[in-house]
Amino acid sequence: MKFFEVRNLNTGYGDLQILRNVSLEINKGEIVALLGSNGAGKSTLMRAIVGRLRIWSGEIIFNEQNITNLSPDKIVKLGISLCPERRRIFSGMTVKENLEIGAYQRRNGLKERMEKVFSILPRLYERKNHLGGDLSGGEQQMLAIGRALMNEPELLLIDEFTLGLAPTIVEILVDVVKKINESGVSILLVEQDVHMALEISNRAYVMEVGEITISGNSKELLENPQIKESYLGM
Amino acid sequence: MKKSVILFFIFIAILVILPFLVSGYWLRVLTQTFMFAAIATGSNIIIGFTGYPAFGNIAFFGIGAYVTGVLMTKYNFSFLLTLPLCALSGFLIATLLGLPLLRLKGHYFAIATIGVMEAIKEIVDNMTEITGGGMGLTLPIMEGEPAYIYKFFYYAILLIMLLTIAVAFLIFRSKFGYALRAIRIDEDAASVMGINTSLFKTISWAISGALVGIAGGAYAYWLTYIDPSTVFETSYSVKMFAMILLGGGTTVLGPMIGAFILELVSEFVWSKFIEIHGMILGMLIILIVIFIPKGLFETFKGGFSFRKIIINLRENKL
Amino acid sequence: MIMLETKNLAKKYGGLEVLNNVNLKVYKGEILGLIGPNGAGKTTLMNLICRLTDITRGEIYYKGELINNKKPYEISKMGIARTFQVVKPFKGLTVLENVMVGAFYGRKNAKNRAEAKDIAMDALKIVGLLNEKDREPSILPIAQRKKLELARALAMDPELLILDEVMAGLNPKELDDIMKEILLLKERGITIIAIEHVMKVIMGISDRVVVLHLGELICEGKPHEVCNHPQVIEAYLGSKFAQRGVA
Amino acid sequence: ADVIKFGAAISLTGKLAKEGNLVKNGYELWKETVNKKGGIKIGNRYYKVEIKYYDDESDPNRAAKLVEKLITEDGIKLILGPYGSESVFSTSAITEKYGALMVQGGAGADKLYTRGFKNLFGIYTVATEYMDDTLKMLRNKTPKPNTVAIVYSNDLFSTQVAQGARASAQKYGYKVVYYKDYPKGTQDLSTVIVEIKAKNPDILIGCGHFQDTVVIVKQSKDYKLNPKAIAFSVGPTLPDFVTALKGDAEYIFGSAQWTPTLKYKDPVFGSNENFVKAFKAKFGVEPNYHAAGGAAAAVIFQRAIEKAGTFTDINKIRQALASFNEETLFGKIRFDATGKVVDKGMPVIQIQRGQQKTVYPENAAEAKPVYPKPAWR
Amino acid sequence: MIILQVLLNGILLGGFYALIGVGFSLVWGVTNIINLAHGAIALLGAYITLFLFQYYGVDPFLSLPFSFIPLFIFGYILQRYLLNLVVKAQIFMLLILTFGIEIFLVNFMTTFFSADFRSVTPDYAGESLIIGDIVIPYIRLAVFAICILITLLLSLFLNKTWTGKAIKATSLDIDAAMMVGINPAKIFAITFAIASGLAGVAGSLFSLTQAFSPSMAGSLTLRAFIVSILGGLGRVEGALLGGIILGIVETLSSYIIGESYKNAITLAIMVLVLVIKPTGILGKKYFAEVKH
């Protein structure tokens, strides 16, 4: 039985097909990295998984349930959360309100969960009464992750969480991601810092122009000559 | 592009010979259509090109109407002489208003222009000495046979429409036009590229005001009776906007096409369904927005197709 | 020769002091790397130089001339061009037309469409976007949109080019390519300020690096000097990075 | 078949729809009555009446366009007027230009007749004479009223009514203590009422439209403005006035171009009384002056055509109208050289026990005017 | 003394303006739709009250729930099945669309209720509280109190309930709202439903103090418009403040400068507020920033 699986997915925008026969799976407790150059379609795949994009054909299975073309709110309710590209936090709401609304589909035990999020991300606790929009980029990224955790997801999708962040912050966030994973959440990670992504993930997929071209164990991929040449610049 | 230009000239040629073929009423309907086409095309310079939704642009129409009206009745100006002055006053007033108002964006700008329009209307309404206030202004009736008079206005307003289109076209193709489009999309980016945004915005509104002002002047002499509530008419604003959107605001000819379709369709609707035409017109607008929200020009530039309608429908849905 | 200089420059947003007494010098012909933690005020500093936001205090000189009271469009005509961290392509215009706007109104000031087109094509060739010239920018992936920003700036024929994180989101391979292009620009005599969080890039292209932290310049020098500066490691690079060494 | 076609562009929708439809009802009843009698008689032949309607949406510009359509497309040169001075203004310019003929019973602005038009005939007593009879009637009452407040809507018709009212007030020796306008369509007049209250006038005259009168009455009551008489140019004559205001409508005066109780003979309906009966039978409600104006305009048009003996020779019909002198349900109608009706007078009505009662002129009065008006409870 | 009375009138009038404006402002702030049909919807409420009053003798104040509920449902359906189909189109398309709805509703009302001006006049209409020279009509006082009460309840609803918070979140960022499991289609519909319901209530109250006909829809919408601008989009407290300011400005300018300049002055003040503080007097950071 598969925890999460994408089978032969095809989709795109308007008339334009972006993803072609994409298949991928995630086992419970894993971190899976999704690599690929710009415009390969990684964010598109994430959008399709969370129901933001109509799927033309193929299917997505989560915990034995077919979630193909379910609406985003239902998918969130089932336990898949997305930390989108460019963070998208609610700038006009305080950190606390942002976290609260993250629990929109899981209202029980809100207090305890918020405690937990604060313990993973203590910086958020310090700023809990500030408006989201007033936070620095790194803090906003933490908030985005924290908000996703408020939904107690079983699967967390993270899209380019280090983009434009200072090295110190990246370091902290990498630790946060590892901690989240250790607490039992499976993670699908899209990341341009291929080195880092392969270091923290168990397995990885490489996507090129809408198709999965390489997949395998992360440690092995680090040594893969093709990867080395086209993604690590060596 | 080539093809649409040829089509446009054929279309104009037909319009030029039409007065010899149709009756006074249809001449009047067409004249009114030209008038709306001129208003929509002129307003589109600020609305569609520059991206500033001047919802109250009809203010300049009213101003033009009153300039012609007052000059002709109080100072015995000849009609043709008043038109440049209509343009001038539209230009000047838009320039003055532009300085404070063009700092606003989007909805806010739209509302501010509505406010300004209503305020100008009220001022005209209260300047009873000069404008006749709420009692309106009666212009001298043109000398001559009705047939002659109607052809005169037909051609005059057709010319005004063509002038407006020509100006819009020249702007669109020019360096200036690129600047306006850049401003529409992102003003910060435009300004660091070397575009003097506040100056250009103001000029574009001023040109727009001048063109709409001319249309207003012609209207006043054509109808011979104006009063504040008929020339500063909010529903004209709405109509103008509908025309721009229907045809497509990012194009030169879109507003004119919108004007022709909307005027002629409503003419049809009005004559066929006296009692419920209002409801039908409302439905029609709703349907247009749902099915061709990008405007006809944009949606069907590669030819008509249902697929495009469906794609649009999918895209705009929540 | 000093190209650009700020003297005691400060910026406040409401009560928040974002920049505080910044004295920055940029020399002709160099590539200056500007780094610093998120929210340090890097983008704000560039916005001040381009005169997009009001100066709270201090002066900015460009080639010896005080530019405090200039408008953004005047700045650009003086030869300063920039890219935006959050890309701002002109949607609805094609890639080529986007770049033509730069040619029309920048320092080049092209007189007609033909001239603007020539300039634009050159700029597109430099950044390698020629194949995309008739596409609509909003469907381009981020990397290409960043290239478009760059092409547009180049079409303005700048003397001083400000790059605000043009390389964020590129993978290592793509980074190598674009770094080479930037070095080529330097060879053409363009002075460049590059803001970047990717240290590999900063190390690879900068002649000099300055570090901005909490609105103040805390350090400046050769790239490797800066990297080993304890305050910079503390505030920005982090200990692990220091251990791992400069890539 | 032998028919005479009339045309009318009239407000069936929009802000004047109410009045427009009433005028149309008047036209319709006339058409039916005439046709029942065989039609319009020219020489020895009878011609059936047909009326072509268009809806001007209460927009004068549309009205002009539609009248042009009637003339050029439908070939109709006999135009029954639209409702409202603005529309009559714009459409009569069209009929004038095309040499078509208009008889209108829907507009009362004096300005209509100052343009030197030959082809426009109007049967409404003009605006400046509107309040004259009311002020005349009140001048000798006890306790003697001395002061008048006039408030009016800023539109062509109402402004002229107010001007006339002021002139009449001065003529009859009243002092005008308040004279101000408000913009057309205002919804709140509390400030105006409070200001008038401070002047404590004996008579309050409101020159506006129906909704304004309702607002003025409601707010007068709210703020205890208690003049000895309240009179409106338009409003009390509409049946809705009582429906909307109930008891508060009591004792308010209104000027009417016509009232159902007038005792005139009529060449088509026989008498005013018959007209009222026929109207009630057909539309289920008592007619008011809008409807009567429509019917009367049509009757006059018909009589002129019959006298001229032609329905195609506009010149002859015009002459017949210019020399018209006949009693109709609207009164004895004569036109002056500009085409406006003269010496028709303006009956005054008062709401008494929820009914419109004609209280002036004495020969048509059904009841005595109640004066002074009791204070609001 | 007159000035006091005038000010008081302005405040009382302002309560009504706040109620007509609050829903409009909410819809605008949350869905970015300028609902030109708002006034027409309010008039539907007025007709419901009139109908119940005339045929069943229902007291106008008791009829408020009867205008709220059907219009709430009407609003929900309108947004869910019509406006939601096009919300992502250019904002001005939506403007035209709501104008289409307005034309439709106004003509619908004209056809079915006729263009007549109507008014609801219960027996107690015209009773006033008199303190010295100052007159306070009871009905206006009651209308004012109800308006304030409803506005406050709405404010509580938005700040304390999950739905309220979801409305707030959706107004800030639709995409992000979807990420946390909010269904914006539903939230939009609820927002529009609330606004329509409240418009209906406002219309019911309107029928008590004024004469109304379908042709008045536009001027009601304009008032709602000004209130939203003055107070700040999507801000309940803003609408209250905006309403009262509008009321006072209207009565005061009418008193000082004259009734005939009232609208010009009101609009000039609106434009001034726009130019000085485009987010309105109570506009909050990050809310209702111009969205394109």
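Chains: A, B, C, D and E, in written order; residue numbering restarts at 1 for each.
Note that a residue touches a chain if its C-beta (ideal position, glycine included) is under 8 Å from a C-beta of that chain, and two chains touch if they have at least 3 such contacts.
Bear in mind the structure is a predicted one, so any value in this text is a computation, not a measurement.
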{"item": "Minimal step count in the chain contact network, chain B to chain D", "value": "1"}
{"item": "Most widely separated chain from chain B, with each centre as the mean of CA atoms", "value": "A"}
{"item": "Taking each chain's C-alpha mean as its centre, the one farthest from chain E", "value": "C"}
{"item": "Between B-E and B-C, the pair with more C-beta contacts", "value": "B-E"}
{"item": "Intercentroid distance (Cα basis), chain E paired with chain A, Å", "value": "42"}
{"item": "Between chain C and chain A, distance of the C-alpha-averaged centres to the nearest whole Å", "value": "30"}
{"item": "Separation of chain D from chain E, taking each centre as the mean of its C-alpha atoms, in whole Å", "value": "36"}
{"item": "Computed distance of Cα centres, chain D from chain C, in Å", "value": "75"}
{"item": "Contacts with two or more other chains, residues of chain E listed in rising order", "value": "107, 110, 260, 263"}
{"item": "Multi-chain contact sites of chain D, meaning residues that touch two or more partners", "value": "13, 154, 181, 183"}
{"item": "Of all residues in chain B, the ones touching two or more other chains", "value": "122, 125-126, 275, 278, 315"}
{"item": "All touching chain pairs, where touch follows the definition stated at the start", "value": "A-B, A-C, A-E, B-C, B-D, B-E, D-E"}
{"item": "Chain E - residues contacting chain A, complex", "value": "162, 165-166, 168-169, 172-173, 175-183, 284-287"}
{"item": "Contacting residues of chain D [partner chain E, same complex]", "value": "13-15, 17-18, 21, 154, 180-183, 185-192, 194-195, 198, 210-211, 214-215, 218, 221-224, 240, 243-248, 376-377"}
{"item": "Residues of chain B defined as touching chain C within the complex", "value": "173, 175, 178-179, 181-182, 184-186, 188-197, 250"}
{"item": "Residue ranges of chain A touching chain C (in the complex, touch as defined)", "value": "13, 16, 35, 37-39, 136-138, 160, 163-171, 192, 194-195, 229-233"}
{"item": "Chain B residues touching chain E - in the complex, by the definition given at the top", "value": "53, 100-101, 103-108, 110-112, 114-116, 118-119, 122-123, 125-126, 234, 238, 241-242, 245, 275-276, 278-279, 281-286, 288-290, 293-294, 313, 315-318"}
